[in-house]
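Chain naming follows the written order as A, B, C, D, E and F, and within any one chain the residues start at number 1.
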């Protein structure tokens, strides 16, 4: 099958920042994203788990965004403007997609 | 550690189509897959979130499938036969696995 | 944006083994990981889904770990010591991260 | 008329309707108030189990009169017929394309169990009795509408119905639970009820409030995101179609010689539109149809219409016509 | 005999059993009826809290007689002993390999709290009293069986028990909650109960119905996917082993001079097989053992056996033997 | 004094407090006992709905006296003022940096609705009446403290408050639900209550027990992971600050001429610290502040302090001072 190069960006971020992030992504021209729930994790700010939160305020989500390679920089800049002061991780992977016109 | 090349296919698809997709994958010779819940997302058909569904009918899931590279085409064809008319996204990433005989 | 090479390790493992795995990862020098819930899956040991468990004892989770390439071997060894006798899958993908000093 | 207005006013100021309004207002104002998906599902399981069980107990209590079978048949016929009317209306009134018109029409043939419950709850406070087996009629009306809609589309020639889909529709969770708990209630009767009534009777209305809170939230989100798709002719359809459905329901009730309460419930079933079983089936069978259209119409327009104005109106009409 | 049959018939037609049957039928017919995981977990927390609390209140009410400690010891002994018998039986009857035989045997030494609850509910409707502390005995019987099974395997030499696993088993959520709420009930007594009885007493049986609906669904899925692993000799084991366990339980009850109801509960505990605590421990300690085998046997065979035929039989036997 | 002790003892041995203790003990012992997130959220929705509704009904029942508006204003003032005091105390007592001190202080201006509920429940058992609108005061006190804290930081110059954040804080789920159900209760009055009281009144305390079980578990985890951050001066702050807040609350109650019960509730609101609305706002507005510090203080120290010693003390003081 004919495939096209794309980038898969995975942003792990606090749930309270989710709306701000997706708004920034949309403004940066991203045409789609998928949000996965996160059960728990660990990082510089320590270990946490979703069932260990009363407020569930500090839960996290993972936003996955598949884009055309030439849009990567705009996306990363938009994402960083939101993530910067907040805890979280951004990683980028090369991937292939079928219908390039969608991204 | 000795690693082997493989492909990681990630299919984001409506939950109502999940069983049909995994059936098609199994028929195409896929030996395993993992299903992740999806909280929400956005695409050409607009934005949605799992808590904004009464019926939860239009919720989505992510099916992840790690396979030997030579099986990729069969998998993609089987997946597309199911996904085609439905909303959703398919992406393929190169990856390494340890015990190649499993895939 | 300036990016650095890293590895994204994805370990799908039984929930009862989660704590043992993350402990082993931490001992192997891993500085962070993210845990995703898994809804269901299929493999050599058959098909299962989270709502088909009374005890939810055999549910699975996915542990995602982004690390510097030079730490990969230590991580894989630590992971394998835990995963070996248990069902589950480990895959490794190349990725890019922004602030390499974090990993 | 006075009577309708006073019943409507009573109804509008009940905790149930106000909870719906609260949810609606909260989500239109973009509050983050939300009920977790698992909990909403649990409440719907509770409501289906309780309503089915109580229906069964009532049948075991008062016996089945001969109209049970006829009522089931009438329900199936209504459910199959209404989509055809809805489709014609949509095509002429709104200019919706065939696919979306068929998908919307399917929803109006099928039923909303929460509207049904709200109807029984108004009947209970009005002291009107009704046939306990109407809950079985509700279950029987869930699916036939889907078949009608698919038939409307397949006339175009390009589609056949996947074999598997039938099993899925007929054995979908809500039908199985409703019918199953109806049977359990029937078998165990008042003895069975006495064992669990402090679970399924006493807290019922309270759970319904929280459930309607959630439905208000979801309806509000639908209106916010899908609202711009819903033009005035479609809003009109969302209020006229229930009246047509109720009229057919009234006819069925009169022909079968139902009690006043039973006639009201036939009207409510005819008037109400699905937002659970049918959308799921549409996603599988007609994925190109736009869910924003049918969900917004069914949940954002017709559901609140029935809940607030429809039900009191149906009660008043049925009372006048049957003299009950 | 008549009495057994009539009790069994009553039991079979109770909402609780019929709910289980509904879940079983739904999942065997591949309906998508499902209870969300979080809700199933919430119901099990509710049931454990309620049963523990009520047990504690009953102890605070009637006082502890000297047999409490002896009963706990007898429970521990039963739980540790039954896996050895189960293992021998499995090896001779079914030809299961050592690892799987030990894993299955562990389940039969441990207990099923829902079976226990179903037992108390039959006792309540029969007007038979029982010692409130039996719920503590149930808690004490959860874990020892795991040790026995691991000992059976470690004789083979290749395994030692991970230190951490002990803490996990002894402090697993259900034991902590059962014991904790037992203590709370004991400390706060009837006063405490009066504060929360409309939460933990009145709706109890109704929640139990929905919980058994879920267990039926899960058991049905297990039978569908694991059914082909379960050969006739293993089915026979799934029905014989509870009878053996019940016999030992009867012995314990008689030796300790328990009330008729208490004796029945000892039989029920002996007869029932775990499907929560033990499977989790087995996944950690004996991951090579096949969960389909032990879960299908415990949940698909023995659990419904006890629920339908076992409990009425144990009641009849205990009544005859104790003259209660 | 005797009276305080006996009330404190009664309180300590209530099922509610013991459930909290059980959760705390379980998680300190690293048991895997856990309440699913969706269920914890459902319980908090239930509690907010019930408490708001009952408050509204009580207002509709007894009428609004002129102090409602003044009470709301007093609540807002208290909520805005207490963070300033808390901040000064933290900076001088504990040496916490400005950012973390402001974040902690925000929590102590805002309120804990569960502490409020525990307060009303002690009042109910003591037979003390209180103004039903105090629940609206509670809602009004949730947010102003956040503004004060952000003002404390923005004096440093480097921050402005994001426009969007305001809407989020004021329309956060708990405020909307509390105020919304208060209005529903007010509108529907005792009639409305009689429809749903077996849902929101009878099982209330039982649900509260399970909710506190969960809070105990969460507090225990917080203490385990964040405990080493909490030095003795901060523990002292966690016990002194509620006393200061209660003193201001007492002042407000006396100035406004509230009933004894209403005065107690003002004290409880002043004394209690937020762990839901404020932490979420802090993650958005002051992400560099460490959640382990403010959550551990609020939930691990002040919450149990108020629950066990604080409330009985506030009752005794208010009784003495008001002669109630």
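To be clear about the criterion, a residue touches a chain if its C-beta (ideal position, glycine included) is under 8 Å from a C-beta of that chain, and two chains touch if they have at least 3 such contacts.
Everything numeric here is computed off the predicted structure, so don't read it as measured data.
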Those chains which touch chain B and also touch chain A: C
Steps needed, at fewest, to go from chain A to chain D via touching chains: 2
Identity of the chain that, by mean CA position, is farthest from chain E: A
Between chain D and chain B, distance of the C-alpha-averaged centres to the nearest whole Å: 35
Chain centre separation (chain D, chain E; CA means) in Å: 41
Of all residues in chain D, the ones touching two or more other chains: 34-39, 41-42, 198, 202-203
Per-residue overlap in chain B, given as positions that touch at least 2 other chains: 36-37, 49, 93-94
Listing of all chain pairs that touch each other, if any do: A-B, A-C, A-F, B-C, B-D, C-E, D-E, D-F, E-F
Of chain D, residues touching chain B in the complex: 34-37, 40-41, 164, 214-215, 217-218, 221-222, 225, 275-277, 279-280, 283-284, 287-288, 290-292, 295, 299
Contact set on chain F toward chain E in their complex: 13-15, 18-19, 22, 25-26, 29-39, 42, 198, 202-207, 209-210, 213
Of all residues in chain B, those that touch chain D in their complex: 14, 16-17, 20, 45-59, 85-87
Complex contact set, residues of chain C against chain A: 1, 3, 6, 8, 22, 26, 31-37, 61, 66, 93-98, 102
Residues of chain C touching chain B in the complex: 10, 12, 36-44, 49, 60, 62, 73, 76-77, 80, 89-94
